Amino acid sequence: MYLRQTQELTHAAALIVLQGAIAKAEVMNVPQCIAVVDTGGNLLAFIRMDGAKVLSQISATQKAVTAASSRVPTGGVSAEVETKLALVTDGKLTNLKGGIPITIGGQIVGAIGVGSGTGEQDVEVGMAGIEALKQAIAGQ
Amino acid sequence: MYLRQTQELTHAAALIVLQGAIAKAEVMNVPQCIAVVDTGGNLLAFIRMDGAKVLSQISATQKAVTAASSRVPTGGVSAEVETKLALVTDGKLTNLKGGIPITIGGQIVGAIGVGSGTGEQDVEVGMAGIEALKQAIAGQ
Amino acid sequence: MYLRQTQELTHAAALIVLQGAIAKAEVMNVPQCIAVVDTGGNLLAFIRMDGAKVLSQISATQKAVTAASSRVPTGGVSAEVETKLALVTDGKLTNLKGGIPITIGGQIVGAIGVGSGTGEQDVEVGMAGIEALKQAIAGQ
Amino acid sequence: MYLRQTQELTHAAALIVLQGAIAKAEVMNVPQCIAVVDTGGNLLAFIRMDGAKVLSQISATQKAVTAASSRVPTGGVSAEVETKLALVTDGKLTNLKGGIPITIGGQIVGAIGVGSGTGEQDVEVGMAGIEALKQAIAGQ
């Protein structure tokens, strides 16, 4: 009633997510900015790949923050409210594609945000980062 | 001529508004961020319910601030000016639904802002918070 | 190795902390701003008591954020670095007394921050809020 | 006359710096926030280790930015001007210890910033990150 059990990624897990995402982005030949945040939206890990857009640091991070906050992938907010939500949060909430909650054992433990490619490329790289973590956990 | 009488919510009243809103949100099974502000838009009370979006702290608060400022529920500004108003106030004025002035005895004494659900859910929870206060006053 | 188990306060717990702190502040006749944050420093609950300083909303909140981040009570940073830390964090990290981690069963589950009195009064009210939660948990 | 040759860390190099710093921090049992920036002060890589202070994300990053900008380790600015410099840059320039330029072959190629320990611990972890990169380059 007074406490709820939660789980957070370790920094070892966050690095595995980064590396899985980097490997995918290299195969695709699309350099990316990749951010991993905890369930509260605080930054855990970040990498800007060679050739990725410098300003995508911000968008990648805020995609991760938005996915951690809303607990669903970014990009699904209706056109009617997406600009209002971006304005009221001073850009912290973004509806750009590429933010995905990281779910382990049915529980959200953080989120990844990817930016510098197209929305579809960003999502593909983010999914690869999450998949790398799932495989590492399965292989323990 | 030189002084005008005003009324403000006490912190006891603000807690009753929060609790009424929480009770409604629990019945609806929609966790919410709920903010209560005074007539000047300064924060009086806030709660983030278990599972509510972290970023909704900001939107809930600014809905309350906007309702206190404009003295009408949020959401009624014309599409033509809503973005201009959000931009010039650096996001402080929002036209998202869920901000409602608290009126007692025909006088506005503060405002409630609710965020994390749909606009309609947010309004329903905000109305329940105000109703709880009205009942407490009637029951005195 | 990849996940760490954590605990967070529920909103019911956060309200008990607020109420315990308010009760103490009323006995002391010192109106306070009281903030409760989660382990990541995100706001969970807040109250500004009748007569508390409006600007203490900010200091109370940042005391709680600082205590959640550093995992020790605020006020212990050396004079040599306290201003540097405040400046680099744009005021987010404060060395004012009145921020205290909330520890349950040996684990930090959030923090309380109190402001509007003297540093000693703020600490006393914060401790009372935590004590109220411990008693509620013990009485379950 | 019109172009100058520069060198920047790759993301592979930035990850090696992070990992070298993490390894040292683990041996010291002092969890750290670690940031790596390019010569322009833009973030290349970041990690927040388990148990490191959340707010140290900001200080670690700005230490790296400051070291990249000034091209010397942080902490050496005179007491007379350090507050003025922090104020005019809105906290971006910090004189906290723990920011170190990364020099390869006599040329600065970026900087590391470390925060969450004491200033001395932060410097020690930062040096270990740089050393790991030098060894990787020597071993090629």
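Some points to look at:
For reference, chains read A, B, C and D in written order, and residue numbers begin at 1 within each chain.
The working rule: contacts are C-beta pairs under 8 Å (C-beta built on N, C-alpha and C of every residue); 3 or more make two chains touch, one makes a residue touch a chain.
Computed from a predicted model, the values in this text were never measured in an experiment.
In this assembly, B is the chain whose CA centroid lies farthest from the centroid of chain D. Distance from the chain C centre to the chain D centre is 31 Å, each centre being the mean of its Cα atoms. Chain A and chain D have CA centres that are 24 Å apart.
The distance from the centre of chain A to the centre of chain C, each centre being the mean of the chain's C-alpha atoms, comes to 30 Å.
Those residues of chain A in touch with two or more other chains are numbered 4, 10, 40-42.
In terms of inter-chain touching, the protein chains here follow a pattern that is not a line, ring, star or complete graph.
Every pair of chains in contact is given here: A-B, A-C, A-D, B-C, C-D.
Residues 10-11, 14-15, 18-19, 22, 42-50, 54, 57 of chain A are the ones touching chain D in the complex. Interface residues of chain C, counted against chain D in their complex, comprise 4, 40-41, 65-66, 68-71, 81, 83-85, 87-90, 92-93. Of all residues in chain A, those touching chain C in their complex are 1-10, 12-13, 16, 38-42, 104, 109, 133, 136-137, 140. Those residues of chain D that touch chain C in the complex are listed here as 50, 53-56, 58-59, 62, 82-83, 86-87, 90-91, 94-96, 119.
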